[in-house]
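Here chain A shows up in two complexes: once beside chain B, once beside chain C.
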Partner chain A sequence: MNLVTGIEHQCITNPFAIAIRENQRAINYQQLSLKIGAVVQLLQRAGIPSGSRIGLAMDRGLDTVCVLLGVLSAGCCYVPLDIKSPAKRRQFIVNDAGVAAVIGCGECPHEYQNFGWLDYNSVSDHELDVSIHQADQLATILYTSGSTGSPKGVALSHRAIHAFSHWAQQLVNLRNTDCIASLTPLFFDLSTFDIFASLSTGACIDFVPAQLTMAPSQLSAWLSQHRISGFYTVPSVLGFLALKGNLEKTPLQDLRFVLFAGEVFPTRLLKTLINYLPNTEFYNFYGPTETNVCVYWRVEPDTLLEQTPIPIGHPACGNQLKIAENTGELLVKGPTVMSGYWSKKTLHAVLADQQWYATGDQVSINEKGEYCYHGRLDRMLKCSGYRVEPAEIEHVLLSLPEVTNCAVIGVSDETAGQRPAAAVVLQPETTIQALRRKLSQQLPHYMIPSRWKILPALPLLKNGKTDYLSISNLFVTAK
Partner chain B sequence: MNTQQRISQYIAKEFLQDEGSVSEIPEDLNLLDAGIVDSLGLLRIVAFLEEEMQVVIEPEDMIPENLKSIHAITHLISPQSAEVS
Partner chain C sequence: MDIKTPLRQFVLTELVYCDDINNFGDTEDLLEAGMDSMGIMRLIMFAEREFKVTLPDTEVEPDSVRSINALVGWIEEHKK
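Let's look at the complex of A and B:
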């Protein structure tokens, strides 16, 4: 089974239903198939062989979904490029992925000059031939923060993404009358639900205008007006809605289900949200990009206690779970697990057959048999659902001449989960604002530390290693 | 300390490094464009205004336009802060 088969089927059986909406634009499934066909033709004319990686230099939206599906239909693998991240980072990714081409709209930006540029604006509609691909073929490489100082590519096959989207369809009983709000960037694995689960059911994807994330009452009005029936997002967006979404005056009657993942949803905020939306089903999804969703919990509103974090729940998508005896680390094996890490233009299959993927997350099982999350075994942070490796931020900070030494830790934040905070030893006359400016040329916004401490020297442990605990305490007491 | 100074001081302390950098933030600097505050930062600012400055931010007022700069924030809460200060 490959990811486009189900969508191609909808294009034939459900041609006049609306497939995608974005602001004032909308296309039906028949139009979608012609756009997908156009992208297949664009790639074929450029002589791009099946199996190539293709960079997507486009923000989430209607056109981008057409391009992404065209790339898959042509037997290629899509590599999302976060257009809001710095050029240097995007250049690293296209290079590391070894893309055969980058697709975008209009003129080629300078950072992609050395890679084949294909302009989506130049295509015209074209009939789509049914595609035949192997399920093991890679569908996408999603780059996340890497602990070695550079972004890390997680390679996912058609089979892995299909296993998740098919499972999710069944879970929420997705129908062709559903309208799914989409807010997640493509480089984030949550987007696979919006695109593949929705479109292969014949449902409609409606793109949430980005500016609404900073205006929660406008977001709730939009969800209501657009009669959204399903929404998969991060707790920070939902927390925002719960606190300032004006939900008492904006009943979201069409909203059948809300799925959330990426970070721990503070129980107090979840309770507030559920009080406003008593008829909506809520699900907590858990899983690193490497496994997509491997554990899930259907929220039981009556069991929620403000001081107790909600469980992550039960095995999802046919995965098997196991807890490592010594460390309490969650191990996962099953259909949604990645094919491996992609780096230096090659797939590195990190797991042999029948091997378990170690998540780095510490878990336990409660008296009801539900898995519960307790935190990371390493230093990784989750910031508004984004995965952030402090070592990657430290690596960039240390490359700046103004920084003599630094240590990055996470500070907890009720709505964002965690935020990176930096303790730095600086050359004289350096300002934090100047540092922030320089960092923003190399790191995406969610990796820029939100708190800073300038120290004469970093505190060290007796063995000479950085004393991260003391540094964390500096930020706690400073508040 | 007046309302605007308190807000400047909070933003300098919370989002930059310490109170020493207050003078670095011009009152009309767009904090969102400058990358100092993001959407979650806005929520932190609102929490500060509501908890520390005893004002109420109505959901309708919670839009980037009203919270984008120290000047905008001061203007937004001025009818309420005049009563409590």
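Let's look at the complex of A and C:
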């Protein structure tokens, strides 16, 4: 099964239903198929062979979905580029992915000059031929923060994404009358639900204007006016909605289900949200990008205790789970697991057949047989749902001549998740503001440390390694 | 009760970094300085707790929190 077959089927059987909305624009499934066909033609005319990787230099939205589906229909693999991240980082990604072309709108930005630019504005609608691909073919490479100092590409096949989207469709009983709010950037695996589960059911995707995340009462008004029936997002967005979303006066009667993933949802905030939305089903999805969703829990409102974190639940998408005896690490095997890591223009299949993927997360099973999450075994942080490797920030900091030494840790806050904080040893007359400016040329905003300490030297353990615990304590006592 | 000092202290150490707190102007744009939606949420929780106010849901928007002065004005309005 490949990811576009179901969507192509909807284009034929459901042509006049609305497929995608963004602000004042909307297209139906017939128009969608012509846009997909146009992108296929664009790639064919450029002589791009099936199996190539294609960079997407576009923000989430209606046009981007058309391009992404066109790339898949042409038998290629899409590589989302975070347009808000620094040029240097995007350049690293297109180079590492070995893209055959980058698709965007208008003039080619300088950072993609050597990568074959294709302008989506130049296409005209074109009939779509039915595409035939192997399920094992790569559908996308999602770059995430890497512990070796550079972004790391997680390669996902059609089969893996289809296994998730098909499972999720069944779970929430997705229908062609559903309208799904989409807020997630494409480089997040959450976006695969919005695009593939929705469109292959004949449902409608409606793009949430980004600025509404800063004005929760406007977000709830938007969800109500647009008669949104399903929403998959991160707990920090939902928590803000629970606290300040004016939900008392904005009943979201059409909202059938809410899915959340990416970080732990504080139980107190979840309870508040559920009180406002008694008829909505809530699901906690768990899984690193490497496995997509491998564990899920249907929220049972009556069982929620404010001081107790909610469980991550039961195996999802036909995956098998196992807990490593010594460490308590969660191991996963099954259909949604990645094909491997992509680096230096090649796929590195890190798992042999029948091997377990080690998540790096510590879990246990409670008395009800539900898996519960306890934290990371390594240093990875989750910052507003974004995955952040402190080692990548340290690597960039150490590459600056002003920085003699550094250590990056996570500080927790009451809302959700963590924020990176840095302890640094600096050359004389260096300011943190100058450092932050330099960092912002290399790292996305969510990876820039929000708190800093300048130290004469880093505290060390007896074995000479950095004492991260002491560094964490410096930030706690400073509050 | 002075709310500007504790508010500045919280915003400029927890949400927006600057080397010298005294150098950050009361009209500087906090969103441009790096405060995001999570930052706004933490700020509101802080303000409601510390200053014993309830900030109306419908007024939570970027313009209410854009600068220290905007914040002080907004909170003062609901402290009466």
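Here, the second predicted complex is superposed on the first by the 478 of 479 C-alpha atoms of A that agree within 3 Å, B and C clash if a C-alpha of one lies under 4 Å from a C-alpha of the other, contacts with A are read in each partner's own complex, and residues count from 1 in each chain.
Following the convention adopted for this analysis, a residue touches a chain if its C-beta (ideal position, glycine included) is under 8 Å from a C-beta of that chain, and two chains touch if they have at least 3 such contacts.
All figures in this text were calculated on a predicted structure; none of them were measured in a lab.
Model built by superposing both complexes on chain A: chain B and chain C clash.
Of the two partner chains, neither chain B nor chain C is touched by A:F257. In the superposition on chain A, contact is made by A:R436 with both chain B and chain C. Legend: residue contacts after superposition of the two complexes on their common chain; A:K453 is shown touching chain B, with no touch to chain C. According to the touch criterion, the shared surface of chain A, contacted by chain B in one complex and chain C in the other, consists of residues 211, 213-218, 236, 239-240, 243-246, 384, 413, 415-416, 431-433, 436, 445-446, 448, 450-452. Contact residues on chain B toward chain A in their complex (touch as defined above): 14-18, 21, 24, 32, 35-36, 38-44, 46, 57, 59-60, 62-64. Partner chain C is touched in their complex by these residues of chain A: 211, 213-218, 236-237, 239-240, 243-246, 384, 413-417, 431-433, 436, 445-446, 448-452, 478. Of all the residues in chain A, the ones that touch chain B in their complex are 211, 213-218, 236, 239-240, 243-246, 384, 413, 415-416, 419, 431-433, 436, 440, 445-446, 448, 450-454.
Within the complex formed with chain A, the chain C residues making contact are 13-15, 17-19, 31, 34, 36-38, 40-42, 44-45, 55, 57-58, 60-62.
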